[in-house]
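Common to both upcoming complexes is chain A, partnered first by chain B, then by chain C.
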Partner chain A sequence: MIGLKRKTAGLLGMGLALALVAAACGGTSPGPSASSPTASGQPTRGGVLRTAISSFGFTGGFDPTDEYLGLAWDFYGAMLRNLVSYKHIGGAAGNALYPDLATSMPEISPDGLTYTFHLKSGIKFGPPVNREITSQDIAYAFERINDKNAGAEYGFYYDGVIKGMTGQVNGIKPVSGIETPDATTIIFHLTQPTGDFLYRLAMPATAPIPVEVAKCFPTGGGYGRFVISSGPYMIQGSQDLSLSQSCSQMVKNPISGFDPTKQLILVRNPNYAQSTDNLRSNYVNAIDIQVDANVSDIFNKVAAGTLDSSLADPPPTTTLTQYLTNPSKKPYLHSDSGDRTWYITMNLLTPPFDDVHVREAVNFIIDKAALQQAWGGPVFGQIATHIMPPIMLNNALTSSYDPYKTPGETGSLALAQAQMKLSKYDPKHDGKCDIASACTNIVMINRNYAPWSTMEPIVVQDLAKIGIQVVPRELETGAAYQTIDTTKNNIPIALNAGWGKDYADPFTFAQPLFGSAALIPVGNTNYSMVGVTSAIIKKQGLGVTIPKGLSVPSVDSLINQCEGQAGATRQQCWVNFDEYVMTKVVPWVPYLWATNLTITAPSLTKWVFDQFSGYISLTQVAVNNNISVSSLG
Partner chain B sequence: MATVQAPSPSAGPADTGVTQVAVVGRSPWNLFWSRFVRDRAALAGAVLIGELIVLAIVAPLVAKMVGHGPNELFPLSVHGGIYLPTGPSSHFWFGGDQNGRDVFVRTIYGARTSLVVAFVATGFAMIIGVVLGTIAGYFGGWIDTIISRVIDIVLSLPLLLFAIGLATVCSTTATGCLGGLLQPGLSLVSGIIALFTWPYIGRIVRGQVLSLREREFIQAAHAMGASDARIMFGELLPNLVAPIVVYTTLIIPSNIIFEASLSFLGVGIPQTTPSWGRMLSDATANNLFTYAWWMMLFPGVFLLLTTLAFNLVGDGLRDALDPRGSRR
Partner chain C sequence: MRGPPQAAPAPVPSGSDDWDMWRYVARRLLWVVFVLLVISAITYVIFFIMPPVNPVVLFAGKSPTPTILATVSHQFGLDKPVWEQYLLFVKHVFLGDQYGWPGLGFSFQYRESIRSLMAARLPVTASLALGAALVWLVIGIPIGVASAIKRRTLVDRLAMGFALFFVSAPVFWLGLMFLWIFWFRLGWAAGTGYYGFTTNGFGTWLNHMVMPWVVLALLYAAFYARMARGNLIETMGEDYIRTARAKGLSERRVIFRHGLRSSLTPIVTMFGMDLGGLMGGAIITETVFNLQGIGQWAYQSVGTGDIPAILAVTLVTSFAITFANLVVDIVYAYLDPRVRYS
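Here is the complex of A and B:
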C-alpha cells in the first residue's frame, strides 16, 4: 500500500521512524552547492568515513525487500548493485540511470512491454557466498517481493505491472512475467507500458539476493542482519557467517558489524571488482555509522573532528547559526534539495474550498516568505511555486513558473480578493468570504511542534484577511496524518502534510496525491479528494458526499497518459500535468521545497550528495583521517 | 471574619503560657488566622499569588502599554540567512519568540491560562471529589464500593495516552466532541485535569466522613429526623472545610504543572492561547533555547514561582488548620 511511509515527518523528526522519505539532492537550493571539494587537491583513497545518527529508524529491519527508509537506501547504495543504477551524485545528474549489473541499457520491445537485460560477467556476491551473480538471483528478489509473507513495503511498483506479480503469492514461486533463459539474461514482461519501469528496477528491493542465505528468512525483515553484498562494501564480519549451518542456527548468529541499536560498519567487499563498475568511486576503506541518541553530541564531534560528517539529523539551531555566520565554517554546511514538497492541502468537497476561486484566493493570500522564515530561512528550503520539486522534472519547470506570484512571495490581498469576488461565497463582492456557515469554524489540522506550529499563526492571520476563519487543531505527527487520511473526517484544510519522492519520476507524486486510485477510506493520500466520484465513494465506502451541483475535477486520464510515455515526451507530459493541477484543480498551496542539511568536518576532503537517497553519498566522498579498518568494531 | 476581636498583636509564643486578664473567646478562624500570618513563607506565597492574579486580570492593559498583543507577529532577526527570535530589548523586555511575538506579553497572558487551570479545573475536581467522597463515606456499603472502585480505575488510567487520544478524537470537527462540550484547548485540558485529580480529594473526604459519621452530633441529627442530604451537606461538610481547603491548595500547584506538561506535549492548547508549558515546548524545538534562552527562562521562572507560591500557601494552610499541629 502507499501508506504513511513516504510521507515526510520532516526536518525535526528526521531521526525518528516516521522520517521515511526517500529524498534526493540537487544544486538548486540556496547555500553551498551540492558537490564541493572542501579541500584542495585530488581526493585520496583510504581512511574510514566516521558518522553517526540519533536512531536508524528502519521500517523493515534493513531487509532490502521491505525497507522503505531513505537512509537505508543510502547504505544499500554502497552494498547492493542493481540492473541499472545511479551514480550516487548530486543535482539532476544524480537522477540519471546507467547500466550497473547489466552490460547496457535494456532492449525494449516496440510495444514497451518487454525489457531484456544481459548481465556483466565476473560480478560476485560478497563473502560468505562468493559465487557469481546470475539472472536467477535477480528473479529471486522479485519472487521475494511477490511473496505475501515477505512483507514488501513498496510492492505496488511491481504488482500488476510485471505479469504474474500480485504480491499475494504464498511462498517463493516463479513469476510468469520474468524469464531467465540463461545465467546472464533476464527478460521482464509487463502488463502495460510503464515509462518509469527502469527507475523501479533501480530500487534496492530488486537487487540480487542469494537464496543460500535468504531462504532462512521467509518473513519480512529477517534478512536485514544478514544482507549479502553485491557491491563495493559489505557488513563487517560477513566472512564469518557459516553457510553450512542450519537455518535455525543461522538466525541466531547475525553478521557482527550490524546492530540496529548500536552501529553499522561497512568494509570493502573483497570480491568486488572496480573494473566492472563505472558508477562508484569508493574512496574510503570503511564506513562506520554509530548510533548516538544525543544529536548535539553528534554535531560537537563533527566540529571536533572525531566524526567526518553528520548523517540524517538536522543540526541544532545554535550549531547551524555558527556554520552560517562564520565564513571559515560555512563551506562545511551542505544544503541540498530533499526533493520534497511541503504544502497546505484543501478539500475539494468542503465549503468554502469546494469553489476553485476560493482555493485560488488562498494561493494568493498566503505569505510564503513568512512560512519559509518559520522554517528558519532559505537554508531549509526554497519557496515552492508548484507541485513537483524542480529536479524531479530535470529542471524543465523551475520556480520561474509561478501561477500565484505575489511581490516577494509575501501574498497579495488585492489579487486574493479579486479571486474571492468571483466565488459564490462572496455575494457582497467585497473580496471576503461572506457566508458564515461556509467561511467560519473551519477545522485546520496541524502538527503540534515547530516549524508547523510556527506557521500556524501566519496562516490563520492570512486566511482571516479574506474572511476565512479557521479553527486550528494541533496533533502529533502520526495523529495528524491519520486524521486527514481518514476520508470520513472530511477535513477541510490541513497544514501538516508533505511528500517526498521514492524515485525521480513525477508519477511518485501524481498517482498517490491526485489519482482517484489512491482514494481509500483509511490511509488515503489524496487528501484533496481529486477525481472523487459518487461511484468511488460508494465502492470504497469513503463516507463523504459530493456537494450538489459540484463537478470534482479529475486528473486520472492525464496521469495515465504520462505514465504510458517515456523520455522527453514523458517529461513534457508531467510539466503539463503540474501546470494543470496548479491552475485548473488547485488542491494545494505548495510553499516549500525542502532541503536536507549535512555538516562535515575538514577531514572529509570530498563532499558529494546522493540525490537518490537524499543523504551523503557513501561511494563518492573521500576522507583524510588515517583511521585503520582494524580499529573498528 | 464574623467574630469581633482580632488576635492581640502581642500574642506571641512567649505569651501563650501566661494567663492574661480578660479571657478572649477565639474562634477557629481567629486561631487559624493568627497562625497563618506568622508563617512568613506562606504569606509571601499568598502575596505572590495575589500579584499574579492582578497581573492576569490587567494583562490586556499591559499589552496596550507595551503596544504588543499576545498574538501579534513581529519580524525575526536574520543571522547569515537563518531567521531567529529577537533577544530582549527596550521594546521586547523578555525578547521575542519563534513567531516574533512578545514573550513578556505572552508570559503575562500565560498566567491567565495557569490560573484558570488552578482555579477552574481544581475547583471542578474539588466539587466532584467532595460530593462523591461524602456520599461514599456517608452511605458506605455498595455505594462506597462502587465509588471507591471508580476512584481506583481513574487513578490507574494511562493519563497521557488518554489525554492525547481525547485531543485527537475531539480534533476532527469544529465543534469538538461530546456535542461541543469538549473543545481541544483550554476546556479539554481543564476537563482532563479535573477528571484525573478529583479522586485524590474524594479519597480524603471519604476517610474523614467515615470517622465523622459515627460522632454524636451526626447521630443527634439522625434522631431529629434530618434528611441524608441535610446531614451530608449541612452537618458533615462544614467539618470538612479544613482538609478540603488544604488539599485543594496543595493540588493546585501540581495541576499547574500538569497543564504545563500537557501543553508542553502539545495536547490541545492552540498557539493562540499563551501557555507557559507551550512556550517552554516552543523553546525546546530543535534546541532553540540554546540560542534563544529568553524563550525558556521567563516562562520557566514564572511557572516555578507560581507553583512555589501555591505550595507555600498550601503548607501554611495545613499548618494553620491542623488542630494537632503545635499552637505556635
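Here is the complex of A and C:
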C-alpha cells in the first residue's frame, strides 16, 4: 500500500526535524505502542475522535475498488466489512484473520482451489440502501475489480488467481470462478493454490458494494464520495442520498460528510449490529478527520486538546523532541512497526553492480547505524538486516539474522574489501573497484530532502572507501521514483526506495520487488531487475540489455513455490526466500524497518494501533472528550 | 415657405474620449485572452509534455500493470496526442465541457470537476485577499503619510522601524508566532481553518479571518508605508506644491488635496497587481492558517501531479493579474489626466 511517500509537505517538515531530533532521541525508546491506555480510567463509549491530516492523498478517489492508500484502508476498517478481517490491533496479533461477514473461516477443498463461505444473517448496508448484504454484493465487488474501466489498482491480486478474472473485461460481467448459489453462500474457484488468498479477501476492494449506488460510477474513483457502509461507521449524511434519483443527478450530490479537500466525518451506522461483530469495539460515536495543511498546527491542536490524535503526518522536530525528552509527555508518543523496509537498491544489469561480490561489498561497507541516526534515531525504526520486517514473518526471522553483520552496524572496510577482491572489477586485488569505466561516475538517484539528503554523504563516502564513485541526482519523491521505475533509464543505484506491505504476507514484498512479472517499462517496481531475461526485455519493451555473459538470477520459482503453500510451511518457505535473496541475489542494502509515529492527547483514553493499515485503529480507540455528534459538520 | 427655424444643433458631446476608452478596453481584453492562451500553452508544455512526474503512474497504484496504466491514461484523457489534448482544453474553456462553462476538466486527485473545486476555494482566497488588502491599506498608507509628514521625527523612525521589521519577517514565521501567542497561549483568537459566513455565521467567519488578514497584511502594509512615504516626500518637493503653499492654502489642504493625490497614483498600480496576484492564492498564509484556498490547492496539486488543477489555478491567477492590470490602467487615467488611452 502507499504510505506517506506522496506527502511531500509532511516529509519536508519531518526532514527539517531530523537533524535536531537525532541528538535528542538517539537510543531513546518510544512510548507505549500497539495498545495501551494513555490516561487514567477505562475506555468508555461515546465522544468523537478528532484528528487531522495534512492531505488525504488518495490515489483512487477513495473508491474501495481502486484505492491503494494505506490511510484510506484505515478508514475502510471502520466503514466496510469483508468475508474475513482483522481485529484492527497492533503487533503480530493484528495480522491474524477472523471471520467477519462470514459465519466461520471457509471450507477449503483438499486441492486448495475452492473456498466456500457462508454469510452471517442480519448484516445490512447502511443508509440509504438499508437492505441485507448478500453474497451477490460481494460478487459484484469482484466484478467491479474485473472491469477494466474501473481501474482496480491492486486487481493483480485476483487476476489469474480466481478463475475468470483477468482485469480486462469491458463492463460488469459475472466472474466464472465465483458462484453465489444463494444469498448467503459464495464460492471461489482458484486457478492455482494460493496460500495467502484469505489475506486478499480481507482487502477493502472485496468488501460488498451495493449495485444500487455503484452502478452510477462505472469508471475508477467515482464511487469514492458515495461509499455505502457495511460496517460500524458510515459517512455522515449517507441517509440523505436519494436512491430514486437518476445517476446523472446522483453524481452531482455526493454524501455531505466527505469532501476530499476538507474532511471526512464518520458517524455510527444505524443498521450495524454489534452482536454480529466480535472484531471491533467501536467506542467512539463519531470520527472527525479534518484536512489541515499545516502539520505544526495539527500537533499544536493535539497539544492544546482540540484534537485527540495525530493521524499520519510525522511530528515536527520540536514537537518530537518535547515528547521524547519530557517524561510526562512521553506516554503520548506512540511508535509502532510500519511494516516497511527502506533500502538501497542496486541494478543487476549495470556495472559494477552486475557482480554479486560488489553488491556484497556494498552491504558490508554501508554504515547502517549512521543511516539510522540520519533518520533521527531508533524511534524512527530498527536497523534492517534483511528484506522482510520481522512481523511479516511472524518474528520467525528477526534482526538476529544478519548476513552482513558488522560491529555496531557501522560497516566494515575489511569485510567489504574481502568481497571486493573476489570481484572482476578489482583486477588489482586491492579491495577497491579499479576499473574506471565501471566504478566512477555512477548515477545514484535520491530524494532531495531529509533524511535522504542527510544520508547521501554517508553513502557516497562509504562507497568511495571501496572505490565506487557515485554521482547523486536528487529529485522530488515522485520524480525520483519515476526515474528508477522507468526501466530504460537503467539506473545503477538508488537511495530513495522503500516498500511497505499490502497485507501481512511476504508475497506482497516478493512478487512486486523481485518477481519477473513486475518488470514493465514504466511503473516497474523490480528496480534491481531480478529475473530479467532477453525474452522479457523484448516482450515488454524494457529498453535495456543484459551485459554479455551475465546470468541474472531469478527467484520466480521460489516465489511460486512459497505461494502454493500454507501455514508453517509457507512461513518457513518465505524465511528461506528472504535468506536466499539476501545471500545469493543481493539486490539491496536494507537499512531500516520503519516505524509509524503518532501523538495523542490525554483525551484519548485508549490507544490502539491498527497493524493492517499502519495507523490509529479507529474502531478500537476510546476518548473522553464529551463532544457530541451534533456539533459536527 | 420657410419652415420653422431649425433648432441649432445641440453641441455634440465630445465622445472621442469615451470612444477611445472603449477601444482601449476592447484591445486590452483581447490582449488578456491572448496572454491567457500563451500562458496556458506554456503551462501545458511544462506539465503535459515534460511533466516532473507522470500522473498516470502516480494514480495507477504502487504496482501498476500495463492494463491499469492504459485505463488511467484513458480516463485522464492522456492517451490522445498532446496537441489534441490542448485543443480540446481550449475548446472546453471557451465552450464548456460536461461540467459546465468554462470547462476546466476534472481533478486527477479528487476525481471531481475543477469548476466545483474552484468554486469552493475561490471564496476562501477572495476572503483572505480582499480582507488583507483592506487591512494593509488602512495600516500602510496612514503610516507612510504620517512618516512623510513627520519626517526625521520619532514618528518617522517608529514608522520605518515597523516597515523594516515586517518587510523582513517571513510570513510563515509571523503566522506561526501569531498562532502560538494569540491562539495557543492567550486564547484570544480562533484557531486555524476557514468557516464560511453563509454556513457558520459572520462572527465565526470574522473570528477565523482576522489573524490571517493581519499576518498577510503586515508585510504588504510595510511595503505600502515605505512607498507612500517616499512618494509623498518626493511630491512635497514639487513646484506646484510650493505654489499651493504660496497661495496661502493650509498645510492640511496642501498635503491631502494636492500632495497625496498625486503621490498615491503609483500605489494604485501596485495595489492592483498585488490584489490580482493574491487572487491566485497566498500559499504560505493559506497553509499556515489552514485556509483551503487557491494557493494551498496549487501547492498540493504540484505535489500530487494533479495537472488539470495546476492549469486551472495558473489560468485563474493569470486572468486575475491581467484583469487587475487592465482595471488599474483605466483607473490610472482617471487619476492622472495626463494619461491618455492610446
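Throughout what follows, the second predicted complex is superposed on the first by the 599 of 633 C-alpha atoms of A that agree within 3 Å, B and C clash if a C-alpha of one lies under 4 Å from a C-alpha of the other, contacts with A are read in each partner's own complex, and residues count from 1 in each chain.
Heads up, the rule we're going with is that a residue touches a chain if its C-beta (ideal position, glycine included) is under 8 Å from a C-beta of that chain, and two chains touch if they have at least 3 such contacts.
The structure presented is a predicted model; accordingly, all values stated were derived computationally and were not measured.
Visitor: Based on the superposed arrangement around chain A, label chain B with chain C as either clash or fit.
Guide: Superposition result for chain B and chain C: fit.
Visitor: By the touch definition at the top of the document, which applies to A:Phe156: first (chain B), second (chain C), both, or neither?
Guide: second
Visitor: Under the stated touch criterion, which partner chain does A:Ser296 make contact with: chain B (first), chain C (second), both, or neither?
Guide: The answer is both, since A:Ser296 touches chain B and chain C.
Visitor: Now for A:Gln168: first (chain B), second (chain C), both, or neither, which partner does it touch?
Guide: The answer is second: A:Gln168 touches chain C but not chain B.
Visitor: With both complexes overlaid on chain A, does A:Phe75 touch chain B (first), chain C (second), both or neither?
Guide: neither
Visitor: After superposition on the shared chain, which partner residues are touched by A:Phe364: those of chain B (first), chain C (second), both, or neither?
Guide: In the superposed model, A:Phe364 contacts neither chain B nor chain C.
Visitor: Measure off the angle at the C-alpha centre of chain A toward the C-alpha centres of chain B and chain C in the combined model, and quote it in steps of 10°.
Guide: Nearest-10 rounding gives 40 degrees.
Visitor: What is the contact status of A:Gly60 with respect to chain B (first) and chain C (second): first, second, both, or neither?
Guide: The answer is second: A:Gly60 touches chain C but not chain B.
Visitor: When the two structures are overlaid on chain A, which partner does A:Ala479 contact: first (chain B), second (chain C), both, or neither?
Guide: both
Visitor: Between chain B and chain C, what is the shortest CA distance in the superposition, whole Å?
Guide: 6
Visitor: Taking the two structures together, which residues of chain A meet both chain B and chain C?
Guide: 296, 476, 479, 482
Visitor: Using the touch definition from the top, list the residues of chain C that touch chain A in their complex.
Guide: Residue list for chain C touching chain A: 52-54, 57-69, 71-72, 75, 109-112, 117, 120-121, 176, 179-180, 184, 191-193, 286-290, 292, 296-297, 299-300, 303-305.
Visitor: List the residues on chain A that touch chain B in their complex, please.
Guide: Counting only chain A, the residues touching chain B are 11-12, 30-31, 295-296, 314, 316-318, 320-321, 324-325, 330, 370, 373-374, 376-379, 441-443, 445, 448-451, 453-454, 456-458, 460-461, 471-476, 479, 482-483, 486, 489, 491.
Visitor: Using the touch definition from the top, list the residues of chain B that touch chain A in their complex.
Guide: It comes out as residues 71, 73, 76, 78-84, 98-99, 101, 164, 167-168, 171-175, 184, 265-268, 270-272, 281-282, 285-288, 290-292.
Visitor: Please give the residue numbers of chain A that touch chain C in the complex, ascending.
Guide: The touching residues are 1-2, 6-9, 55, 57-61, 63, 66, 68, 148-156, 159, 167-168, 219-222, 224-225, 259-262, 290-294, 296-297, 300-301, 303-304, 306, 476, 478-479, 482, 485, 502, 512, 518, 520, 522-523, 525.
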